[in-house]
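Here come two complexes built around chain A, the first alongside chain B, the second alongside chain C.
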Partner chain A sequence: MREVAVVGFTQSPSVRREPDRNEIEILIPVIQALREQTGLSSKDFDFICSGSSDYLAGQSFAFVSGLDAVGAWPPVCESHVEMDGAWALYEAWVKIQMGYADTALVYGFGKPSMGDLPLTMALQLDPYTMMPLWPDAISIAGLQARHCLDAGLLRAEDMAAAAVRDRANAKNNPNAQVKGDFSVQQILAEPFLVNPLRKSDCAPISDGASAIVLAAGDRAKQLSDRPAWIRGIEHICEPMDLGIRDLGRSRSSEIAARKAGVSNDKIDVAELSAPFTHQEILVERALGLSQKTKVNPSGGALAGNPLMAVGLSRIGECATRIWSGEADRAVAHATSGPCLQQNLVCVLEGN
Partner chain B sequence: MTKQSAATEALTAPHTLSYTYKRSLGAVMSGFFTALRDRRLLGVKRRDGKVLFPAREYDPDTSEAIDELVEVGPMGVVRSWAWVAKPRRQQPLARPFAYALVQLDGADTPFLHVVDAGSEAKMATGMCVRARWADETKGAIDDFVFEPA
Partner chain C sequence: MSPSEAEKTNQPVTVLACPISLDYAYSAGQSASRFLRAIAEGKLLGQRCPVDGRVYFPSRGACPMHGVTFGDDAVELSDKGTIVTFSIVRVPSQNIALPLPYITVNVLLDGADTILIHVLDAKLEDVHMGMRVQAVWKPKEEWTTSTANILYFRPIDEPDAKYESYKEHI
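On to the complex of A and B.
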C-alpha cells in the first residue's frame, strides 16, 4: 500500500441559507484558500474528484459546473460521485493507490436551502415501494429513534446530551452553525418536530463546501511538516429496506471500523457525521470509542451539516488536529442513505 | 421581409415533456404490484421459510434469487412509528398521520408505510392495524394505508 496523507483542508462556514451565492460561488473561495494553504495550483493536481448532488441543485449534471471553481484548463483528470465528498476522497485514495496520481484535490459542496431538504431526501429511497409515500428524512430517522427508545437501547436524555455536547464543542468552531450552552432539560422541554424527534435531535440544514488535498509519500512530506496519514479507510453498505436491518445498531459502521483498524490503538479524536442525535450515539458505539476519545471537537454534523461536504469536513477536522499535534490518531466518519445505511470510516495518524 | 412574414414561415413542432418509456418491473415485482391492484398483499418466501414484505427479487442475506410469492396481511402490527403533525403537500394524507414500520400477519419483517390513526394519542408500538384500500387501485404502493384495527 502507498502511504497517502491529508495535507490541505479548507471549508466555508455552514449557514442556514446562502442568499446570494450559488454553489460555485461558495466553492471558489474554498478552493482559493486551499491553493494558498498548500502552495499548489491546478496543474499540480494529478486527479480531481468531487462529491455533490444534482437533486439538491435541481438540474442534471449540475456537478460539471463545479469545475468552474477549479478551472478545467489545461485539461484535468477528474471524476465525480453523487455522494458526500468523503466518498470522492475514497475514489482519489484508490487512484493514488493504483499509481495513477501522487496528488489529488477533493471537494464537496451543497446548497440544500434551495429546496425542502427532508422531502428531497425521499428521492434516494426505493422508487416503487418507498418513495411514492414521500417519507421525509426526519420521519425515517424518527422510526429508527423510536425503535432504539422502545428497545431500551438509549433514552431521550442520552439523545439530548449528544446535542448539548456538540453545541458546546462548536463554540470554538467559527464555521459551525448551531452552537452555545444548552442543557438536557432545555432540549427535552422542546415540542416534538416529528415525534419522537425534537428539533435539537436533528442536524441543521446548511449550505456550504469543503476541500482537501491528498498527497502520497515524499510529496506529502514536502507539503506538510506533519502529514495526516490515512492508515485505514473503508466503506460498507447495508440493504435499503428498513425492515430487514437491525436499526438498533450500525452494522456497516462496525464492519468498516474493524476493517479500517480503529481499535488497533488509542483514538484521540473522533469526528462523526451522524445527522441525528440517536444516530450519533449508534455510530459512537459502533466505532467502539473509549472515554478517552474526544468526540466531535468541531461540533460534528449536529453543529453544521453542509450536505455532500459534511463527511469530507469530518476527515479535514481530524487532519487539522493531527497537523497541530493535538491528536496522534483520529477517526472520521461519513454516512449516506436512510438510517445510517452506508458508512465510511477513515483512520488518520500523525506518525 | 417583414417581421410578421418571418413569424409565419418559422418551422414549429409540438413538444410535450414526458417520460415516454414503459418499464417492466420483472416477474417478482410485477406480481407484487399487480396483486396490489387486486387488493392483495404478497410477500416473498426465502429459502429459510421467512417471508419478506414487500417482495424482493433477492434474499438480502444470501443474495439468492427468490420468487415464491405468498399472501400476507391484511392485518399487521406497528413495530415503530413517527408522527407527522404537519403533512407536506406531497405526502399521502392531508391530515396528521404516522409513518410506521408495520409487520403484516404472515410476514417476518416490517416495512415502511402509513397509518391513518386520526390522532397521535391512538398510536402505540405494538398496536394492530388493518390495510384500508383506495376506492380505485392502480397497482402502486399507495393503493392502501393502514388504520387502527
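On to the complex of A and C.
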C-alpha cells in the first residue's frame, strides 16, 4: 500500500441559507483558499474528484460546472460521485493506490436550502415500496429513534446530551452553524418535531462546501511538516430495505471500523457525521470509542451539516488536529442513505 | 386496476399511482443575477478572464479554463454578432414554438469569446457561416430578467466576417 496523507483542507461556513451565491460561487473561494494553503495550482493535481447531488441543485449534471472553480484547461483527469465528498476522497485514494496519481484534489458542495430537504431525501429510499409513500427524512429517522428508545438501547437524555456536547464544542468552530451552551433539561423541554425527535436532535440544514488535498509519500512530506496519513479507510453499505436491517446498531460502521483498524491503537479525536443525535450514539458505539477519545471537537454534523461536504469535512477536521499535534491518531466518519445505511470510516495518523 | 376502479368493481387493487414532485426556490447566483438584471435593461453582460482576457458570455462566477474568479468586472457587449455555425430544424420541439422549418444559429457576439445559441429569422437558402446578424428585441415595455427579451436574430447589411475571426468557436 502507498502512504497517502491529507495535506490540505478548507471549508466554507455552514449557513442555513446562502441568499445570493449559487453552489459554484460557494465553492470557488473554498478551492481558492486551498490553493493558497497548499501553494498548489490546479495543474499540480493529478486527479480531481467531487461529491455533490443534482437533486439538491434541482438540475441535471449540475456538478459539471463545479469544475469552473478548479479550471479544467489543459484537460484534467477528474471524476464525480453523487455522494458525500468523503466517497470522492475514497475514489481519489484508490486512484493514488493504483499509481495513477500522486496528488488529488477532492471537494464536496451542496445548497440544500433551495429545495425541501426532508422530502428530497425521500428519493433515496427503495423505489418500489417506500419511496412512493414519500416519507420525509426526519420521520424515517424518527422511526429508528423510536425503535432505539423502545428497545432500551438509549434514553432521550442520552440523545439530548449528544446535542449539548456538540453545540458546546462548536463554540470554538467559526464555521459551525449551531453552537452555544445548552442543558439536557433545556432540550428535553422542547416540543417534539417528529416524535421522538426534537429539533435539537436533528442536524441543521446547511449550505456549504469543503475541499481536501491528498498527496502520496514524499510529496506529502514536501507539502506538510506533519501530514495526516490515511492508515485505514473503508466503506460498507447495508441493504436498502429498512425492514431487513437492525436499526438499533450500525453494522456497516462496525465492519468499516474493524477493516480500517480503528481499535488497533488509541483514538485521540473522532469526528462523526451522523445527522441525528440517536445516530451519533449508534456510530460512537459502532466505532468502539473509549472515554479517552474527544468526540466531535468541531461540533460534528449536528453543529453544521453542509450536505455532500459534511463527511469530507469530518476527515478535514481530523487532519487539522493531526497537523497541529493536538492528536496523533483520529477517526473520521461519513454516512449516506437513510438511517445510517452506508458508512465510511477513515483512520488518520500523524506518525 | 387503480383504487377507484377497484372500489367500483370490487376487484383487487393492482396499480397505485404515487406522483412525486419537488419544488425549488432556485437562485441563479451572483454572476448570473447580474447578467439577468442587465438584460432587463437591454444590456448584454459578459466577463473578462483576468488570465487570458477572453470574454465569457453570459457572465459566470469563475473562468472554466483557469479556475479564477472574475470578480466584479463586467463587459457590456454589442447585440450584433457573427454566425459561426447553424442548423436547419425540421422536427418540432415542445420548447420552441416556431413554424417549421427554422434556423438555429451559434452567434459570436462582437467582443465575446463564447457563443450564444439562438434562432435566426432569414430565408433558409441565405444563412451561412460568417453572416453578420443583430438581435431583435421584444418591445421595451415587455423586458424582464430573461434571455427571452431577445426574440431572434436577423441578418444585417454588413460584409461577412472573415473565417479567421471566428474559426476558434466552431
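In the analysis below, the second predicted complex is superposed on the first by the 351 of 351 C-alpha atoms of A that agree within 3 Å, B and C clash if a C-alpha of one lies under 4 Å from a C-alpha of the other, contacts with A are read in each partner's own complex, and residues count from 1 in each chain.
Here, a residue touches a chain if its C-beta (ideal position, glycine included) is under 8 Å from a C-beta of that chain, and two chains touch if they have at least 3 such contacts.
What you are looking at is a predicted structure, and each value in this text was computed from that prediction instead of being measured.
With both complexes brought onto chain A, simultaneous placement of chain B and chain C is prevented by a clash. Of the two partner chains placed around the shared chain by superposition, chain C is the only one that A:Trp73 touches, whereas chain B remains out of contact. Contacts of A:Glu157 after superposition on the shared chain: neither chain B nor chain C is touched. Shared-chain residue A:Asp241: touches chain B; no touch with chain C.
In the overlay built on the shared chain, the residue A:His147 is in contact with chain B alone; chain C does not reach it. When the two structures are aligned on the shared chain, A:Asp116 is found in touch with chain B and with chain C. Touch criterion met: A:Ser139 reaches chain B, while chain C stays clear of it.
In the superposed pair of complexes, A:Met130 makes contact with chain B only, with no contact to chain C. When the two structures are aligned on the shared chain, A:Glu190 is found in touch with neither chain B nor chain C.
Touched by chain B in one complex and by chain C in the other are residues 116, 119, 132-134 of chain A. Across the complex, chain B meets chain A through its residues 25, 29, 33, 52-54, 56, 60, 79-85, 88, 90-92, 99-101, 103, 109-114, 120, 125, 140-142. Chain A meets chain C in the complex at residues 18-22, 24-25, 28-29, 31-32, 42, 55, 58, 65, 67-73, 111, 113-116, 119-120, 122-123, 131-134. Across the complex, chain A is touched by residues 16, 18, 20, 22-33, 60-69 of chain C.
Those residues of chain A that touch chain B in the shared complex are 116, 119, 128-130, 132-136, 138-147, 150, 192, 194-197, 239, 241-244, 247.
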